[in-house]
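So, here's a batch of structures to check.
In what follows, subunit A forms one complex with subunit B and a second complex with subunit C.
Now for the complex of A and B:
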């Protein structure tokens, strides 16, 4: 190989490297200037682990926090929206009483998404099940399909909504896992509000997260696991 | 010929004057430098919003610069912190003039987020 050939090859190598660096830094700057977030990733699976032993009967703090965060009235009539509700259960034979919060279980295979005729009911890549209200026609099939009774229909015109949480008459809604908080690195309002830290929120796919380690080490169950929907919300001590 | 020219002139002037008078007078809020050119935004803001809503909700890509919240943050009235509260509010003024139905705010808040948060913290 001649001297010239080697020089040319080296020149090409360095110039390609320099170009790559220039383009990469430009791209970085561009995405920063645009202020765009990466978006939901399928590597993440958001979930919650609820310790029913820590959940106090009569305590309603998670429900109140949810109502405040999402601008719900707090009413419990069939026509009021309830994204999370407290349930008291009792085993008749042993007399053991339990209290636990119940909300959208963010299934891996959500029946609400299966039945939606307009594709409004949808699951994000990171496992959060949402209603796209731009598409929702208010048919309420999803409310029928949900085995957890997690969804509500908005019957009245809404005013003074949280700018982060749009809600409107004629659409179905449910727990969003406080997606507006998660997307900026926060955690759901209910989890934050629980005085006993009974609701652990985190990424089930990340082996180093608190929730994944706890799910790995203590017994927890999914409600109606027989339906094989693989909910992202798990209960401990049930 | 002279008559024709003068007629044309008066027509033009009166038309220009009428156009000026009839165009909506908006309360532009803080105003100033927008995220894109003003004329371009007048023509294309709906495409940005419609594209952005699918990205944000379905894919979790939140483009803060072109978000509805960012529009409202700048363009809400400095008097009532809203883009929809009055006839001359930023969104309502134009949409009324153009007779285009504005249904974003049946679900979305038309209030400036910073003001809304201050209000909530007061309660």
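Now for the complex of A and C:
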């Protein structure tokens, strides 16, 4: 083997080695950046059952908990974000009054996802409907399409954000079902904060879960069921 | 066609006037850019839009421009597809106006986005179920197709392909305006929208608005060149505009009658046509009286033959168009979503309430900026290229 051949072989070895080191470290960084390796499972359907008989008029604990958890100001101007709100309703014919929380209903067939031009509105395999903040162009078509008025537009720059819940001026946002808590085994802040346990959170697909058993045994309804969106949030006592 | 011989002095004056027009258009466009800059740095907080009235004044301007951009091509279609000579002579001008208005309208829509800097995201991620994503393709395709169509008209060697391109444009603009109507037709949860009547309604509205814009521009160009439109041609144009105005009035009436027929829609109809404050006023006075009845009188009353009356009728049709779109877009959102039929509803998020909206100066500036872009494109193109309709001695087709 000539001197040149040996040098050439040495050069190739070094190059392959350097490339392997570069790619391997890149791959490691990539996997770190991706977080947990397993994604959301389609075997799970996260949902909530809200017992309106237990929900007290005037109580705002779920709203406050949501605001604190997600770094919302709690303001109620038309330009302020409200991911969850209390609605007071009164039956016009009977006069019966009820109070209930309203938020993203995490539909199985979400209109916001259908209309989003850039796929920024998306539904995870486990049924949670989210907005990809890096893809949202702020066209607000999803806000027009949502039957529950669940979405808010960020009208101005945000400060002191919760690192788990990034928000950005010029993009649309809504209840994430506290996905950052769910992914580490927790439950949504509103459900945890309710003093009367009126908001039951769990996996609708798991027959042993409290929510699945309750949905099986008590009458509950979906709001605007006529639209056949199959929301993951159900209401009892309406 | 009467014309006077231009003198050196009159040409100089016109030249100055041309630059003055460009300067005015440019200033308005710059004011629009200023509004965009403000909205970019402060956010939409400085507009009148909010979480209840999600789309505002910019959308009224943008949708008018886009709908009229499609309708103005009628003139071209009647020429190229149906072979009518006096329309064929006007097809290049109609095509130019279409490109100009599409550009203006799309610029407004794009710059109103919360994140206009992410335009590349919109261009590279298509959700095939989204009407907005379809429209990105439909609008850009329209501009491309009309450019080709213009080429087949203005380049002699391409003339044989003119009919083919004309048919392409004819079909495309129907699909395009259907797409614009579908933006609202698919919003099934909102009572003002979610109707299959909306795409055809937008198509017929586009005929009237496009024809009106065309007539305004044509009148200006004839005035500029100190020429008069042959009375027979004017007569045909007037009748066509009148028929389109009547047709669009029929579609709008059908939309409201259909709504009023369903008991669950009657509250909304009462709001938009009777109790809703600014919306019924704009609908009846702005759209019906100023935008339809007065123009129809101007177009059809015996003894009114002058070109300038037709121009005034056209201007009123355009004004009525803006009034109708304001009622449709803003009024439609002001009416609350019905989450609990049969219940009185209240919340901190305006549930069960009529939402208030007052557009800010920035929204107007952005919308006017879009208009000025259409104006600048038209003015410069008419100056540097030959868009003046060249009529042969008039022969009935």
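Keep this in mind: the second predicted complex is superposed on the first by the 202 of 238 C-alpha atoms of A that agree within 3 Å, B and C clash if a C-alpha of one lies under 4 Å from a C-alpha of the other, contacts with A are read in each partner's own complex, and residues count from 1 in each chain.
Assume a residue touches a chain if its C-beta (ideal position, glycine included) is under 8 Å from a C-beta of that chain, and two chains touch if they have at least 3 such contacts.
All figures in this text were calculated on a predicted structure; none of them were measured in a lab.
Novice: Determine, for the superposed arrangement built on subunit A, whether subunit B and subunit C clash or fit.
Specialist: fit
Novice: So, A:39: does it touch subunit B (first), subunit C (second), both, or neither?
Specialist: first
Novice: Look at A:183 in the shared chain and tell me whether it touches subunit B only, subunit C only, both, or neither; answer first, second, both or neither.
Specialist: After superposing on A, A:183 lies in contact with subunit B but is clear of subunit C.
Novice: More residues of subunit A in touch with subunit C or with subunit B?
Specialist: Of subunit B and subunit C, the partner in contact with more residues of subunit A is C.
Novice: Considering only the touch criterion stated at the top, classify A:93 as touching first (subunit B), second (subunit C), both, or neither.
Specialist: In the superposed model, A:93 contacts subunit C only, not subunit B.
Novice: Applying the touch criterion given at the start, work out whether A:171 contacts subunit B, subunit C, both or neither, answering first, second, both or neither.
Specialist: Touch status of A:171: both partners.
Novice: Output check: A:157 vs subunit B and subunit C. Expected answer is one of first, second, both, neither. What do you get?
Specialist: Once the two structures are laid over each other on A, A:157 reaches both partners.
Novice: Just checking: does A:111 make contact with subunit B only, subunit C only, both, or neither of them? Give me first, second, both or neither.
Specialist: A:111: touches subunit C, not subunit B.
Novice: Per the contact definition in the header, classify A:206: touching subunit B only (first), subunit C only (second), both, or neither.
Specialist: After superposing on A, A:206 lies clear of both subunit B and subunit C.
Novice: Considering only touches as defined above, state whether A:130 meets subunit B (first), subunit C (second), both or neither.
Specialist: first
Novice: Once the shared chain is lined up, is A:61 touching subunit B (first), subunit C (second), both, or neither of them?
Specialist: After superposition on chain A, A:61 lies in contact with neither partner.
Novice: Which value, in Å, gives the least CA distance between subunit B and subunit C in the superposed three-chain arrangement?
Specialist: So the smallest C-alpha gap separating subunit B from subunit C comes to 12 Å.
Novice: Which subunit A residues come up in both lists, the one for subunit B and the one for subunit C?
Specialist: Shared contact residues on subunit A: 157, 168-169, 171.
Novice: Could you pull out which subunit C residues touch subunit A in their complex?
Specialist: Per the touch definition, subunit C meets subunit A at residues 42-45, 50-55, 113-116, 118-119, 121-122, 125-127, 129-133, 136, 183, 186-190, 333, 337, 339-340, 342-351, 355-356.
Novice: Along subunit B, where are the residues that touch subunit A in the complex?
Specialist: 53-55, 57-65, 69, 72, 106-109, 111-113, 116
Novice: Which of the residues in subunit A end up touching subunit B in this complex?
Specialist: 34-40, 122, 124-126, 130, 132-134, 157-158, 160-164, 166-169, 171, 179, 183
Novice: Report the residues of subunit A in contact with subunit C in the complex, numbered from low to high.
Specialist: Against subunit C, the touching part of subunit A is residues 76-82, 85-93, 102, 111, 113-120, 135-141, 143-149, 151-157, 168-172, 223-224, 227.
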